[in-house]
Amino acid sequence: MGYTPEQAEILVQALPYIQRYSGKTIVIKYGGNAMVDDELRNSVARDVVLLRFVGMKPVLVHGGGPEISEVMKRLGKEPTFVNGLRVTDAETMEIVEMVLTGKTNKGIVSQINQHGGKAVGLSGKDANLFIAEKAKGDVDLGYVGKVTNINPEILHALMEDGYIPVISSVAVGAKGESYNINADHIAGELAAAVGAAKIILLTDVRGIYDDIKDENTLRSTLTVKEAQGMIDSGKVSSGMIPKVEAAITAVQGGVERAHIIDGTMKYALLMEIFTDTGIGTMITG
Amino acid sequence: MGYTPEQAEILVQALPYIQRYSGKTIVIKYGGNAMVDDELRNSVARDVVLLRFVGMKPVLVHGGGPEISEVMKRLGKEPTFVNGLRVTDAETMEIVEMVLTGKTNKGIVSQINQHGGKAVGLSGKDANLFIAEKAKGDVDLGYVGKVTNINPEILHALMEDGYIPVISSVAVGAKGESYNINADHIAGELAAAVGAAKIILLTDVRGIYDDIKDENTLRSTLTVKEAQGMIDSGKVSSGMIPKVEAAITAVQGGVERAHIIDGTMKYALLMEIFTDTGIGTMITG
Amino acid sequence: MGYTPEQAEILVQALPYIQRYSGKTIVIKYGGNAMVDDELRNSVARDVVLLRFVGMKPVLVHGGGPEISEVMKRLGKEPTFVNGLRVTDAETMEIVEMVLTGKTNKGIVSQINQHGGKAVGLSGKDANLFIAEKAKGDVDLGYVGKVTNINPEILHALMEDGYIPVISSVAVGAKGESYNINADHIAGELAAAVGAAKIILLTDVRGIYDDIKDENTLRSTLTVKEAQGMIDSGKVSSGMIPKVEAAITAVQGGVERAHIIDGTMKYALLMEIFTDTGIGTMITG
Amino acid sequence: MGYTPEQAEILVQALPYIQRYSGKTIVIKYGGNAMVDDELRNSVARDVVLLRFVGMKPVLVHGGGPEISEVMKRLGKEPTFVNGLRVTDAETMEIVEMVLTGKTNKGIVSQINQHGGKAVGLSGKDANLFIAEKAKGDVDLGYVGKVTNINPEILHALMEDGYIPVISSVAVGAKGESYNINADHIAGELAAAVGAAKIILLTDVRGIYDDIKDENTLRSTLTVKEAQGMIDSGKVSSGMIPKVEAAITAVQGGVERAHIIDGTMKYALLMEIFTDTGIGTMITG
Amino acid sequence: MGYTPEQAEILVQALPYIQRYSGKTIVIKYGGNAMVDDELRNSVARDVVLLRFVGMKPVLVHGGGPEISEVMKRLGKEPTFVNGLRVTDAETMEIVEMVLTGKTNKGIVSQINQHGGKAVGLSGKDANLFIAEKAKGDVDLGYVGKVTNINPEILHALMEDGYIPVISSVAVGAKGESYNINADHIAGELAAAVGAAKIILLTDVRGIYDDIKDENTLRSTLTVKEAQGMIDSGKVSSGMIPKVEAAITAVQGGVERAHIIDGTMKYALLMEIFTDTGIGTMITG
Amino acid sequence: MGYTPEQAEILVQALPYIQRYSGKTIVIKYGGNAMVDDELRNSVARDVVLLRFVGMKPVLVHGGGPEISEVMKRLGKEPTFVNGLRVTDAETMEIVEMVLTGKTNKGIVSQINQHGGKAVGLSGKDANLFIAEKAKGDVDLGYVGKVTNINPEILHALMEDGYIPVISSVAVGAKGESYNINADHIAGELAAAVGAAKIILLTDVRGIYDDIKDENTLRSTLTVKEAQGMIDSGKVSSGMIPKVEAAITAVQGGVERAHIIDGTMKYALLMEIFTDTGIGTMITG
């Protein structure tokens, strides 16, 4: 069946946004609760291919919490968390890496390629993309790392040739050991390092609320200063903290706009990019 | 205001067509009766910019019959036609060239650029794009020409750098003199010469009919052979003949698909390109 | 017939000048009274092709006053001037554009190509080359524009590929409307914008005189300051004022040398470029 | 401490081999029993970096049998084999992919990068490198695949920029599903597809013997015909069959030389490449 | 002083020839009797620079007979010739090479660079440009060589970057030894190997005569067949034989035109290239 | 015969040094007493080819004192020196140039090419590489020059295409005349001008001694300041002075390390480059 004029008009409305981001890099953080449903994953993959074909350069960064815990349980290991961070002993790290890089990553890659994209999956070990050291803190979390250096050349090389990089949140240490790193944080740092025009963090709530119990208090825009204030005052709840921090990191690193949106809505990426108002919460300088 | 999910879905439906024509050249013949209304011209210009930004390489070829006759009358010259061809004495040729290249062409260029495209207007004289000689026939039509050679290098150079060529139907002779050439015919020949994937001829009827008085007899697809047969049998009426001939020339020259569609419908180009069924009449090998 | 040794020697004398301007851009303002005679036009075209083939990058800018007035009269419109500027209502603007871009421009293009060059004609509308707004002043001159922005990328792209740009003095406004701009002024601004090494303004007198009635008072060189002084003191007469202003604009914008020479002399361009002394008046910083 | 003249002489002896393979692609099949010892893996990684820095283009292909079985057992699944092929149900396939791509692959990548190389790990899913369909046979082996198409563009892009591709033996099906493929076979096919000059298959025996019980019967060279004969006659034992088949595939596909060597010997790769005689068994056309 | 119009006209007459050879390679054999006078050498150097700056790609090949004999005599060695070929023992070869490559070659290079060219001197040893073996014959001539292979890549690399190669007639043998080769012959072979459009052999007579004693019998054009006939019939005298052979070799190898002209005339190169009739004798297929 | 594991290990030990100098330029001053023995010259040539094939960019600079004097004597001219500098009258200069550029240079070129390198010999005249003027001093030394300008573009062009430049110590004056320049000095200046990472000056003693009579006083490292002090205090003897000065010039011009080593030891270059400690004396900032 064909397009109606009404449908064509909708396509035409996308033109200003296609022009604005033509040739620009857009980092998309994708994972966890926004990634549970296969149909939804499929839909995100197709949207990403669309972005690439209309001239943008999407880069995906993903974690994979629920899948990791599920495999750990099958292997008879009980996931343990301290302040929301996974305690990662050597055996857990091996599982984290296998799941993120060998399962989650390739699943996303495969879905993008099904829609005609050319995705290439990477972990932070490939071409030394993410260099980390052991994170310091009151509690020893094992192989939880803090990224000290990003080598984005491989991303520019791939994007230049039309590929879509899909990156798992694993970093490499000075001796080649693996580190479990926070996917939100690394997405924010990466967006700054590659000179992205936009970072979009997909989560499973609509955005940031003044009062999380009141739907009407959704903040559609925040300055970096306001966002930091909401973390300091405790208004931003635990799971959202790294996302807001990532947004702040990105904007302070030169990214024009950071968005926290509800990735469980079908077409969320497109609704964000192809409109003036966007959806969810936008954080800018 | 933002996109609704329903609207985003429409965008997503365009993806397969965007992929199919990514990096491909599409020649669009535009002019005459499809070009009378300013709002419509504006709409076509925007559609062309959209095609370019989603990765296609549109090339426009235009004539401009009504505008020429209008200026001629203001100059006190009566337009004369023999078998649908304008009798073109030296003074008429000067008017034809001024109108097509100095008015119609720059009008289209300007509208495309208003929508964020980078159009460059050319006539067949620029870079010797169209070389012609005097057309032979029973009646001396003056400066009516027959194209003997096309030099498309300038088009490839411009398209490579992101420009949209807009070309008026004027050719140059061996001594630098101007020739009035048929815009439909040259569009068909040009499509073959630049290796286009598609040629779209915009007109003011829905397509080709078995019986022009019966709307239900629209032919959605024709082979080259069938199309030639309809010319030979007189089923294709006078104004449509050069369009069908151009379609045949293009397809025989290696263009995959030629389309004759109603350019007075808003979004006609998009409705043709972004669907499987297309609109109007498609002619293929 | 062959070269004599005496003739070869003349060729050899050109070598230092060929070397000096190899790969350099030279803007040539051509038009009006320097453009009336067909043989002369032909000669200038051939000289420009010669410049290109010996390694320079010529760019032509032209107006076309007499031709415009002539067509206006044929259309029953009386040209009106205020302080030497054409009053340009909407209908006049349409005529100006048709004549400059559709007739004068393509005539020059065609003659250059006749001599083996690869000329491409542009107006300021193509690729948004000249952006203008309505000129302000005591009298409303209609569509007389003042250039606010030059986008020279298209020129660099064309010159890189061996083409010779030929540009008519028409600019585009914010809404796509046309503006009539002074060809001398825009030539001076363009020379600065493209980083030309030289600008040559062809006119129909030998250069600038201290006393216009005394042939012996021709100034072969002037500083920018001296040139401005001659405008201020009224020594430079009306038609010459925009030419001297253009020369000053160019030199202040980084062009090494500006020349005002008699374009009605055959070989004037060559006599200017291929000698140390040059002809006419040279204005430098 | 420094080089002695004797040591420098050894370096000089490598020159002819460095010249012969300068700019050439060398596919190295690495895995299974040749990959068990960490010190050995470290040594192979360094040798590969050396090959790259002296101007060759190494590509690694690996399987990972023992590691897969080990993880399966930890997950309470018993590995089953039919004719040496792993019965691969959906759950097993998931484990195979996680281990090969998420653990084995990244381990090799990390070790190469530790030695200053720029390795990038890929599976056959990335950029649709290996397209497969379900292998047909008497027994249903589940997700055991047969490669139907190789898309090596990503490898050329990476090698051109100085990267070392490391590829796990997982392929992708028409619906995005994963397939377990034989690493030897795919290495042979890939060597032909990328136009390699050499393929080296690392195993844990010295090469091919006429009589496997008699060390003195090692065949240092075999023609494709002789190699095929030894398979047909049963002289080549089960684990060696896919290696010899891969060698034959490669040579028939245009690779000059295929080598089966003992990867458990330190410096095996260097001893093979940097000598005339090589080690192990060489198969040529 | 400036150009007169008459002088400018001469420049303009060169345009068709500049266009014809724009971007084309022209091999010039220069040496021996055409190279004795310093003023003449200076003039040739300047003419070559002129050719380069007007867009051609000149390559010079030279011998240097008289200078070699002169140095030999200073070293107390008597030059010996058999059938016009220098008997070249090891000591003579050393002198030949020193004089040709260290004196004659650098003298030409220096003069070209004095005129603003960028000449680079090479012998056949550089980048293995000319590979030779000992010439066979009735008499042992020592290190007189026959070229078996030409590696012209270095010439293309230099010409692409704007350099003018100047090449001495010395070749290298399989063991690195030097060979004295005929400069005329190698010029002819080189012209074919680099795909030259023209070869010009400078000598000290006006061209080829039917009767060398009668000035009026100069042949302005010869076919290859006719030229061969004149060698066979003995009409071409000894010193001219290798020049005619070189011309034949070049034309048979795809060079359009070979010219034998009087290099002792000032501007001979220009008079040959910048006219239709040329001077001297032209040999074509 | 093949590599033993012990031999392969030696190759592996070179890896860190190969990595460190990959893509870096290394200037090697070679000549005089380090160049007398043919076997040694052959060995140096092969080592240079090895450096190029493992990714470094060697540039050779050479003088040729003994050969010059030897040819002078054969021509009956007595070499004369003042303060270690050759008195160079016009005839001597001609001999110097012929020997250095026509004999020594091409000998080195030929030997490098024998080992599979692509050497191109240049003198300072080629592409105006070294511009000099007459050296001033108490005694008139004739054509002894002081370099005033280096034009290294030709070296970058050649190295980019894989060639190894070999440069004789002859420079060109403002009128095209030749100058005899000190090879050590020009090597130091050239190293700075091309942005070399290292300069190695080959001589016939082990390095710089505190007490030249006591082998145990070899200084393995010196700062620029210490090196200058040893010249000032007379500890550095006459022949060594220009070498130490060249090292100082290079280091002050941005070269990281300068080395003075014994080129008469076989593999001296490799022993210097492929170890941490190096051999001879290293001078750094």
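The first chain written gets the first letter, and so on, giving A, B, C, D, E and F; residue counts start at 1 in each chain.
What we mean here is this: a contact is a pair of C-beta atoms (placed from the backbone, for glycine too) under 8 Å apart; a residue touches a chain by one contact, two chains touch by 3 or more.
Note that this is a predicted model, so its numbers are computed, not measured.
Novice: What is the set of chains touching both subunit B and subunit C?
Specialist: none
Novice: Under the document's definition of touching, what chains do subunit D and subunit E have as common neighbours?
Specialist: F
Novice: Do subunit A and subunit D face each other with the same patch, meaning over half of the contact numbers show up on both, or with different patches?
Specialist: Counting which numbers both chains contribute, over half are shared, so the two copies meet through the same residues.
Novice: Can you work out the rotation angle that lays subunit E over subunit F using Cα coordinates, in steps of 5 degrees?
Specialist: To bring subunit E onto subunit F, one rotates by 180 degrees.
Novice: Among all other chains, pick the one whose mean CA position is farthest from the mean CA position of subunit A.
Specialist: If we average the C-alpha coordinates per chain, E ends up farthest from subunit A.
Novice: For subunit A and subunit F, let me know how many angstrom lie between their CA-based centres, rounded off.
Specialist: 56
Novice: Which whole number of Å gives the spacing of the CA centres of subunit A and subunit B?
Specialist: Computed from C-alpha means, the inter-chain centre distance equals 45 Å.
Novice: Enumerate the residues of subunit F that touch no fewer than two other chains.
Specialist: In subunit F, no residue touches two or more other chains.
Novice: Treating touching as the only link between chains, describe the layout with one word: line, ring, star, complete or other.
Specialist: ring
Novice: Going round the ring from subunit B and on to subunit C first, in what order do the chains come?
Specialist: Around the ring, beginning at subunit B and stepping to subunit C, we get B, C, E, F, D, A.
Novice: Which of the residues in subunit D come into contact with subunit A in the complex?
Specialist: 71, 74-75, 94, 97-103, 105-106, 109-111, 113-114, 118-123, 125-128, 154, 157-158, 161, 163, 170, 172, 175-176, 178
Novice: Can you check the complex and tell me which residues of subunit F touch subunit D?
Specialist: Those residues of subunit F that touch subunit D are 1-5, 7-16, 18-19, 22, 46-47, 49-50, 53-55, 115-116, 265-267, 270-271, 274-279.
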